[in-house]
Amino acid sequence: MSKLPPNYSVQTRTRASSISAIVALVLVVVAIALPAFASRSLIQDMFFILTMLVLAQFWNLLAGYGGLVSVGQQAFVGIGAYAMFGVVILLGFDPVASILIGGIAALVLAIPTAFFAFRLQGAYFAIGTWVIAEVVRLLVAQWKSVGGGTGTSLPRSATSDMWFTGTIETLFDVKSAAARDILAYWLAVVLAVATIAGIYWLLRTKRGLGLAAVRDNIEAAKSVGVDAVRMKWLVFLVSAFGTGLAGGLIYLQKARISPDAAFSLQDWTAYVIFIVVIGGIGTIEGPILGVLVFFILQSLLADYGSWYLMVLGLIGIAIMLFAPRGLWGLFSDRTGIELFPVRRRLTGGRLSATLPSSKEE
Amino acid sequence: MIWVDTILQGILLGGLYALFAAGLSLVFGIMRLVNLAHGDLIVLGAYLILLLVTLTGLSPFVAAAVAMPFMFALGYGLQKFMLNRVLGDDILPPLLVTFGLSVVLQNALLEGFSADSQRIQAGSLSTASIEIAGIGLGVMPLLTFGSALVVIIGLNQLFYRTSLGRAFRATSDDPTTASLMGIKPAGIFAKATGIAMIIVTIAALYLGMRSNFDPSIGPARLIYAFEAVIIGGLGSLWGTLAGGVIIGVAQTVGAAINPEWQILAGHVAFLVVLLLRPRGLFPRAVD
Amino acid sequence: MTALLETRGLTARYGDFQALFGVDLVLDEGETIAIIGSNGAGKTTLMRSIAGVLRNPVDGIRFEGRAIGDRPADEIMAMGIAMVPEGRKLFPSLSVEENLQIGAYGRQTGGYWSLETVYELFPVLKERRSNPGTALSGGQQQMVAIGRALMSNPRVLLCDEISLGLAPVIIKDIYKAVPRIRESGASMIVVEQDIGQAMAVADRVYCMMEGRITLTGRPGDLSREAIHDAYFGAQA
C-alpha cells in the first residue's frame, strides 16, 4: 500500500450518514415505545417486517457481499425454530433463552452444510444448499418427540410463564397472548438493530473491505492477501447464526411449528430474495427499502393469492433485467445519497490515473 | 430376489431422472447457465400435453409431439429475450431471473389449473407389464428408460456429428472466437435452450403419465435433475444417465427399507457422491 | 474506384482507455498489406475492430463502399472478412478437422478452399485430423488457425502475428503458404512484429505507434531510419 499524500483523507462517513444516524436513533426509541399506543395487529405487522428484514440482511450479506447465492436459508430458520422448540419441550428451558440455542443450532448445522456446499460453484452452490435444506427437513420430520411430520405447539406451561411476559401484562394491561406478541416484537427490534449495526460494522472493518474484494474478483483479492475461503466461511457461519436466531424468534411468536412451514422455501428464502433484489442487492439500505415495498405489496395484493406471487416474481425479473441494483440503487444513483457508506471514499486532491475497464464494446 | 426387483425398478426410475436432467445438462454445458425454473418448465409441459389430450382426444404421445414445437419456441424466446440479457461473469442475475421465473410459472399454473392433482391418461399402457426371467417390469418404466437412452444417444449424435453440434461446442469453448466463425452466440444459446425444451417435453410426457402432478412439484424435479447432473459430472451426458440411475436406485432401495425414506435416500446418495467424488463420476477433462 | 476495405478516422476504446486515434488504412482488391509496430501499438485492436469483435462508429470501416463499423463479428465474417486471431485460439473441444470445418460455419459460398485444398496446403494436418486441435505443436496449431479462416473462402484475410512464438524455420514454412492464398483471390492484412518478414510479403506497409499510423509506403521506398523512427518514435 502506498502512502497517500497528506491532502487526502479517507472517509467512510457521509453527511447523509450522520443525519441518518440521528434519525435511526429516534426511530429506535419510537419503535421501543410503540406497544404503548399501537394496536396488537400493528405490533404483529411490525414483527413480521422486522424479522423479514433480519432474514433479508443476512441473505444480502451472503449473496450481495459474499457472492454466495444460497437458496437453502430455510434450513437455518427451520433448525433454529426446531432447536428452540426441542429444548423447551424436552428440557423445559425458557423459550426466550432458547432462541439463543436456536442460533447455535443453526451455526452448528452450517458447518457440515458449508463443507458440502462449498464443493459446488456458483449456481450449483445455490441448489446444493437447497438439497441440504431438504435433507434437514426430511430428517426433522422423522423426529417424533417434536411432532414428526405434523408438527407441534409450544406447551402452555412454557408460554404462560415465559420471561418478562408477566411484567408486560401488568405494564400494558394486556392478556398473555398479546404480551407474548409485544415481547416478541421487542426482541425483533433488538435483533434487527443488532443485525444492521453488526453487518455495518463488519463491512467497515478491514475484513469487510476484503469481502467486497472477494466478491469483485477472487484472483485480485488473493493477490492483496485476502483469504477468500476464510471470508466465505465467516460470512456463511455468521449468516446462519443470525438466520437461526430469527427462526427461533419467529416461531416463539407463532408458538406452533411443522416441518413444512418451518422449512418453507417460499416463506424464508423466496420472499427474502425478492425483498433484497427489489430493494437493491449489495447495500444495507436495499433490504430495508425492499421489506417495506414487500409489505405494502403484500397488504395490497394478498387477497389475490397466486396473482400476488406472480406479480412479485415479475417485479423481481424486471428489476434484474432493467435495474439490477434495485430501487435503492436507482435512488442512490440519482441523488448520490448513501445512508450506510461502506466504501472508503477518497476526498480532496485529484485522482490522476484512470483505470481502464476490461469491458468490450 | 425382491432386491433384484427393487434395484431394477430403481434403474428404470433413473431413466426418468435422466430425462429431467438432460436438458439441464445441455444448457449448462453450452452456456454455464443453471435454469432454476427447469422443473417448473417440465410441469408446464405436462399441463400442455394434458390440455392437448383433453381438448383433442389425441394419444399422449402424439400430443407430446404436437407440444414440442411450442416448447421449442418458448425456450428459444425465453433465452433470446430474457436469459441472454443476463448471461455474463456475474452468476447472480441469471440465478435470480430464473428463480423469479420459477415462482411466476408455478403461480400461473396454479391460477390456470388449480392445485388439484392431474394425470395424463395413458389407458392400458400405464398398467401393462412384461415378465423377464421371472421379474415383472412395467411397460411404462421400460418406455421411459428407452426414451432416456434415445435422448442421450440423439444428443450425442447432435453434438458430435452435426455442424450445429460443432457450433455448440465451439461456443461453449470460446464465444468470441466462435463469432469469428460466423456463429452468433446469442442465436446458438437460444437454439440450445429450444432443444432443451424439446427434451423437457419428453420428460413431461412421462412425468404426467406415470404419476399425479400439480403446479407445486417442479422444484423437486429440478433437485433430482440437478443431483443427477452433479453425480454424473458436469457436461457428461452418459454421466447424467448414470447419475439418474444412482438416484433412482437409492430411492427405491430407501423406500423398500422404510417408505418415508425414499426421497431422503436419494439426497443422501447425492451427498455421499459429492463427498467422495466432488467432480462427479465422469468429469470432463477440460473445463 | 473504391477500395475493397478502408478505415477512416477509426477510433477504438476499452472503457476509458483509448487505443486507436483516427486510423486511416486502405486495402485494394488483390493486395497484401502488412502492419508493423511494437507491443501495445494497437495492431490487434485494429484487427479486432475490423473483424467486428469491437464495435466502432458505423462510418469508421467500409467494405466495398459499405459502412460496416457497427456490424457484429458474425455478420462481418459472412460478408467475407475472416480472421486468424492472435494466439491462434483453436477450440479445445474440437478435433483438427472439426476446427477446420467450423471455419465455414457462417459462410458457405464455395470457392477454391475446402478440406482437400487446405490439407494440400498443410499436408501434416491431414495426418493429425482427428487429434484435438490443442494437442498439436505451435506451428501446426497456427496452420489449423489459418486453414480454419480460409475455409470460408474469404475476400479479406486478417492475420494477427502468425509468427508469434514460432521458430524461424517454422515461420518460413507457414509464410510459404501466402502466395497460394493470394492466388486463391484473397486480399490480406498481415500484422507482424518481424519487420523483415513483413517487408518480404507485403505490397505496402503501415507502421503503427501508440494507436496511430506513423508511416506508410512500399517496402522498397522505406528507409531503415524512417521505419526505426516510426516504430520507436523519432529521437529529437
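A, B and C label the chains in the order they appear, each numbered from 1.
Just so we're on the same page, a contact is a pair of C-beta atoms (placed from the backbone, for glycine too) under 8 Å apart; a residue touches a chain by one contact, two chains touch by 3 or more.
Please read all numbers here as calculations on a predicted model, not as lab measurements.
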Top-ranked pair of chains - ranking by C-beta pairs in contact:
A-B
Per CA centroids, the chain at the heart of the structure shown is B
Taking each chain's centre as the mean of its CA atoms, which one is most distant from subunit B?
C
With chain centres defined as C-alpha means, what is the inter-centre distance between subunit B and subunit C in Å?
44
Subunit A-subunit B separation of Cα centroids, rounded to whole Å
33
List the centre-to-centre spacing of subunit A and subunit C in whole Å, with centres computed as mean CA coordinates.
54
Find every residue in subunit C that makes contact with two or more other chains and list them.
53
Counting only contacts in the complex, subunit B reaches subunit C at residues 163, 166-167, 169-170, 172-174, 176-184, 286
Residues of subunit A that touch subunit B when the two form their complex
63, 67, 69, 71, 116, 119-120, 122-124, 126-128, 130-132, 134-135, 138-139, 141-142, 265-266, 270, 273-274, 277, 281, 306-307, 309-310, 312-314, 316-317, 320-321, 324
Hey, which residues of subunit C end up touching subunit B in the complex?
51-53, 72-74, 77-78, 82-83, 85, 89, 91-94, 98, 101-103, 105-107, 148, 152
Residues of subunit B touching subunit A in the complex:
32-34, 36, 82, 85-86, 91-97, 99-104, 106-108, 110-111, 219, 222-223, 226-227, 230, 260, 263-264, 267-268, 270-271, 274-275, 278
